[in-house]
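Got some structures for you, see below.
Here chain A shows up in two complexes: once beside chain B, once beside chain C.
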Partner chain A sequence: MHNYLILLRRELGCYFLSLTGYVIIAGALILLGLGFAVMLLAYNGDTIDVPLTELFYGTMFFWLIVLVATPVITMRLFAMERATGTFETLMTAPVGDGQVVLAKFTAAFLFYLVMWLPLASCLRLVHHYTATGLEFDWWPVVSTYLGILLIGSLYIAIGCLASALTRSQIIAAMTSFAVGVSLFLLSFLRFSVGQRSGFAAQVATYTSMFDHMEDFVRGVVDTRHIVFYLTLTGICLFLTLKVVESRRWR
Partner chain B sequence: MTDSAEARAMIEVENLTKLYGRRAAVHDVTFTVGKGEIVGLLGPNGAGKTTIMRILACFMPATSGVARVAGLDVFQESDQVRRRIGYMPENNPLYHDMRVREYLKFRARLKGLSIQESRARVDEVTERCGLAEVSSQVIGNLSKGYRQRVGLADALVHQPQLIILDEPTIGLDPHQIRAVRQLILELGKDHTILLSSHILPEVEMTCQRVVILHNGRVLAADSTQNLQQRLSGASQVLTEIAAPPDELEACFKQNQDIEYHDISPTDSGYCRCTIVPRTGLDLRPAIFELVQTHGWRLRELTLSRHSLEDVFVHVTRPDRDEEES
Partner chain C sequence: MAAQDNVTSGFSTWSRVKIGLNVGISIVAVLALAAMINYLATRHYKRWYLGEQALTRLSDETKRVLAAVTNEVHITVMFDRNNPLYGPVMGLLKEYRNQCANLVVEHVDYKRDLARAQTLMTRHQLAPTETDLVIIEYGGRARLIRDTELSDYDLTGVLTPSHEIKRIAFKGEALFTTAIGGLLDQRSPRLYYLQGHGEHDLASTETKFGYSRFAQLLAQKNIQALPLWLSGTSDVPEDCQVLMIAGPKGRISQDEVERIGRYLNRGGRLLALLSLVRSGQNDTGLEPLLAAWGVAVGRQFAFDRNNAVVGGGIICTNFSMHPIVKPLRGEAIYVVLARPVDPTTAPGQSADAPRAEPLFATSTEGFTASEISESGVPRSNPVRDRHGTIPLAVAVDKGSIRGVGADKSATRIVVAGESIFLANETILKASGNLGFANLAISWLLDRPTQLAGIPPRPLREFSITLPKTVLWRLTWILVLVMPGVPLVIGLVVWFKRRR
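Coming up: the complex of A and B.
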């Protein structure tokens, strides 16, 4: 635990004490801003009976940010340490492999959450100028953030695994981007097989991240979705640990 | 292994083998390093020095064989071993985005020191390694010499019993090499040190004992003096004598102690002679006597000692493998 916190602090420092972290946040903010603008145009003086979060989700900028930002956040985690050789200094210090993997994952995950914070202020701002006299409905915002958190944890874990597999940051980013996009595109399988009944259709519906997130932005929290993301994140982190340990039996 | 030997040995390596695929990087290596010694691993590139060091530093396990540090198995009790080792890998990798003091503190904390301890130790090692004036600079902006010192400071920040340095002077200029060498000698007073190098004068100057590796095997392991002596059995005498070459030739041939001689005339009547004795004998008095009795003139008489470099070249020369097989 002691070592985990020291490593976590170092990893967080990597993001926030250098320019890289701010460049990523700035990039995400541009996309978020575009989404915000599109959302405002959608309002355009009309009364719309859907939560703000669903409106934002409808702009698709959400997926753009998740798919592009997570590989960039995670690519350096292990690949850079391997490329510069600091992996050797790190692993010959008295630290456990699990502590290293968990600390790196947590740092990337926390950074990812910080990156999403401006969304809350965007939503609050829109609400401030539209719903006069109405109570702000926090629940969809909370569930949306839960969705962001869960999908993020899976994508960050995939990024960790990709980064642990190579010493090139570019290859790490490309791998996790490719896997991430493929997972996302699986969602659309539902449109072709979803109408039919049977096992394939069930699987397609269960793995459709597009639908999961649609539930979250509406304020629906389904435990099946939570279990889905937590297990996949766990599997990816377990595989990352095995890759890091693999130097012992290669 | 007896108790007393166990108490004395800091590193025990027995029949260590490491295979990369089917190629053996280290093959059946056995050596020990006693407490307080400075030992050099010497060998051409690809001899297996780095592999042995990585195994000792618990970065990767051996394929077979045993390696113990301070009596602890490097694979079974890896965590305990890592607490006792200060390891500086090849090319001295550092986090270039961190400041010197910040980095050393991070490393000290990671190696299990408390906040107070780490503060005191970091102060001490920055002083000792001459890093005081750059302690608040970013490592990426430092010169190579300073970076090397940061690596050394990191290796000794937790007061390890054993310091392992992989090529500690590579890529440094002569001044920096001298400074690092001085530091290593100083550290040797209260730490056991294992360092690797392919630069021979380096090892000759800093180490008490040398393990010479070639193609993953130990070719020789002995003290630097012994290694030199082993070859100085054939140490030759260089001399310049003003005498007719054929007379010299006759004299040398008569002398039973001379195994081989070579005479080449130089300027103003002097002949340059290279004389190799049959045994470990020092031929200088005999030559001087010869010159005196004949009334010749002498302007040079030197015993050429074999440096460790000669030993190294001798034992690692490529045709040695063919001789063996």
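Coming up: the complex of A and C.
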């Protein structure tokens, strides 16, 4: 545990003691702000039946943050260590492979969480101006965060795996982005296959991230969504561990 | 030297194969485990509803009905995506689907998927104007729910300059659950239509007077329509949920009227469509009975100077606040040579007395005429005829509490001074005719068992009316100030570490 915490601190330092980390957060916040600003401009003067804060997840800005930020956050995790030669030093240190993988994943995940924290103030701010007289309901915000974190954990785990597979940060980011986008595009299957009956329809609905986020933003927490993201995250981290271990038997 | 070479060669081929096999098996095992966990998760799951969204939770009644669904129920949402009810309908049906795996929900956007929409229209014999509806099918039977049925409205804004009519509640759950329950039950509500006096024929496809389109509407609502002759000794059957008298030509005998009266006294439901054109300007015999229930049916023709159509027709847009016609605001009902039908309920009478309310009427420029010349010109009799708003249909309710679903023993009557407006050709002439038929039947059938006691869900509305200055201030905060803060912190950290 001690080793894990030391590694975690080291990884967090890489994010928060460099300008890069803050640039990533600023970039994400620009997209976040743009998303809300575009919605405000589009709906100003209109009456809608769902709060503006619920509509944000449906915009391209939300998914752009998830799809672009996670590869950028994770691309350096293993690839940079390999490229600079510090990977071997790390691997020969008295720490387990599992601890290394978990520490890197946790650091990236915590950074991702910090990146999304301003969303709460955005939601509060927009609600203040757009839903006058109505109490701000924090519970949907809590569930929205749960959704964002679950999706983020999966994408970060994919990023970890991509980063572990190569020594080039660009290739790692591209691989992670491609896999992430493919997974995201699966959501669109729901609109065709998902409306029929049968196994394919069930799978399309079960894997639709749109559906999952729709539930989360409305304050609905479904154990199926949680299990889906946690198991996929687990698989990706397990594969990352195997890739890291592979240097021993190559 | 040879020994040194052996040491640097690493794992033997066999060891590599063994490790590879080991890793391969462990990966397959982990994937299989994940698949199993997900499979179990889909079968045994829990949904929590946090905060105000508890409103999206299904009622126990709906859960009970859905638990009884053992075969596939196909629900087609034939809605335009821009319809304000599209979101609530799809959201609710998603909850239904989560509750019951045997539900298949399909969305057909009739504006985009023309071929599929056409197939549905042909299969369910829908008119081209009949769109924005939910079709629930089970075991070869179908139930159609139109968007006009799905909302409760607040009409207080009608009197304001904006004439705004607000949707205040969504009745989807009560209607969908009732429809699914009705389809599973296999027993359909029974509507008897009186015969023997030259009434409209529900089997006739003749355009002017045939009622086959109305019969289709009943079939879509899963209502069994049966003919009824009261000329013998038979009474109105016990299982009669609605009795319809559609445009009798001949006089209904006193004996028959008494039987109908007994039926109404025991909580019967009556749809009376009385046309003076059909009865040859004579009374039908029902008038005294209806008078006893608070409805005066005149023996004149109603006209409207403001909304006249050639041939004695009127386009009615003057609707009351009654639940039958509330959803028809903004639409029109087309009637031809209608009789005036007035509510005669006196104010201050006992609570259990019949309450008669007008449904639709002419404009303030309406008038009645006792006679019409051969050339079709109305001739008013100053003694018998009148000017002003002339009601053309009335609803009577006795024994139910206002705003609550009707009690089993509550009597309900809908009387319209016209019957041709629901005939095959005319029913499609104005958007409100079919809507009126649909809503009147729904109101007459409204019983606790039908509505399943599920209250409508209040609809939330969010008006975004930001002044330009506030809008731009907010935009700057969101796009510049918020991203600027971490950037400044980053620069400070970078600068400090550089030093």
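In this section, the second predicted complex is superposed on the first by the 238 of 250 C-alpha atoms of A that agree within 3 Å, B and C clash if a C-alpha of one lies under 4 Å from a C-alpha of the other, contacts with A are read in each partner's own complex, and residues count from 1 in each chain.
Keep this in mind: a residue touches a chain if its C-beta (ideal position, glycine included) is under 8 Å from a C-beta of that chain, and two chains touch if they have at least 3 such contacts.
Keep in mind the model is a prediction, meaning the values are calculated, not measured.
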Partner chain(s) touched by A:Leu17 [first = chain B, second = chain C, both, neither]: both
Which of chain B and chain C A:Cys122 touches, first, second, both or neither: second
Touching partner for A:Leu41 - first (chain B), second (chain C), both, neither: second
Touched partner set for A:Arg224, first chain B, second chain C, both or neither: second
Touching partner for A:Ala172 - first (chain B), second (chain C), both, neither: neither
Touched partner set for A:Ala164, first chain B, second chain C, both or neither: neither
Touching partner for A:Leu52 - first (chain B), second (chain C), both, neither: second
Intersection of the chain A residues that touch chain B with those that touch chain C: 17-18, 249-250
Chain C residues touching chain A - in the complex, by the definition given at the top: 10-11, 15-16, 19, 23, 26-27, 30-31, 34, 37-38, 41-42, 45-53, 56, 72, 84, 87-88, 91, 94, 98, 101, 104-107, 459-466, 470-471, 474-475, 477-480, 482-484, 486-487, 489-491, 493-494, 497
Footprint of chain C on chain A - complex, ascending: 16-19, 21-23, 25-27, 29-30, 32-34, 36-37, 40-41, 43-52, 118, 121-122, 125-126, 129-131, 134, 137-140, 142-143, 195-197, 201-202, 206, 211, 214-215, 218-224, 227-228, 231-232, 234-235, 238-239, 242, 246, 249-250
Interface residues, chain B side, partner chain A - complex: 54, 57-61, 79, 82-83, 85, 87, 89-91, 93-98, 106-107, 109-112, 154
Complex contacts: residues of chain A adjacent to chain B: 3, 6-7, 10, 13-14, 17-18, 84-89, 91-96, 247-250
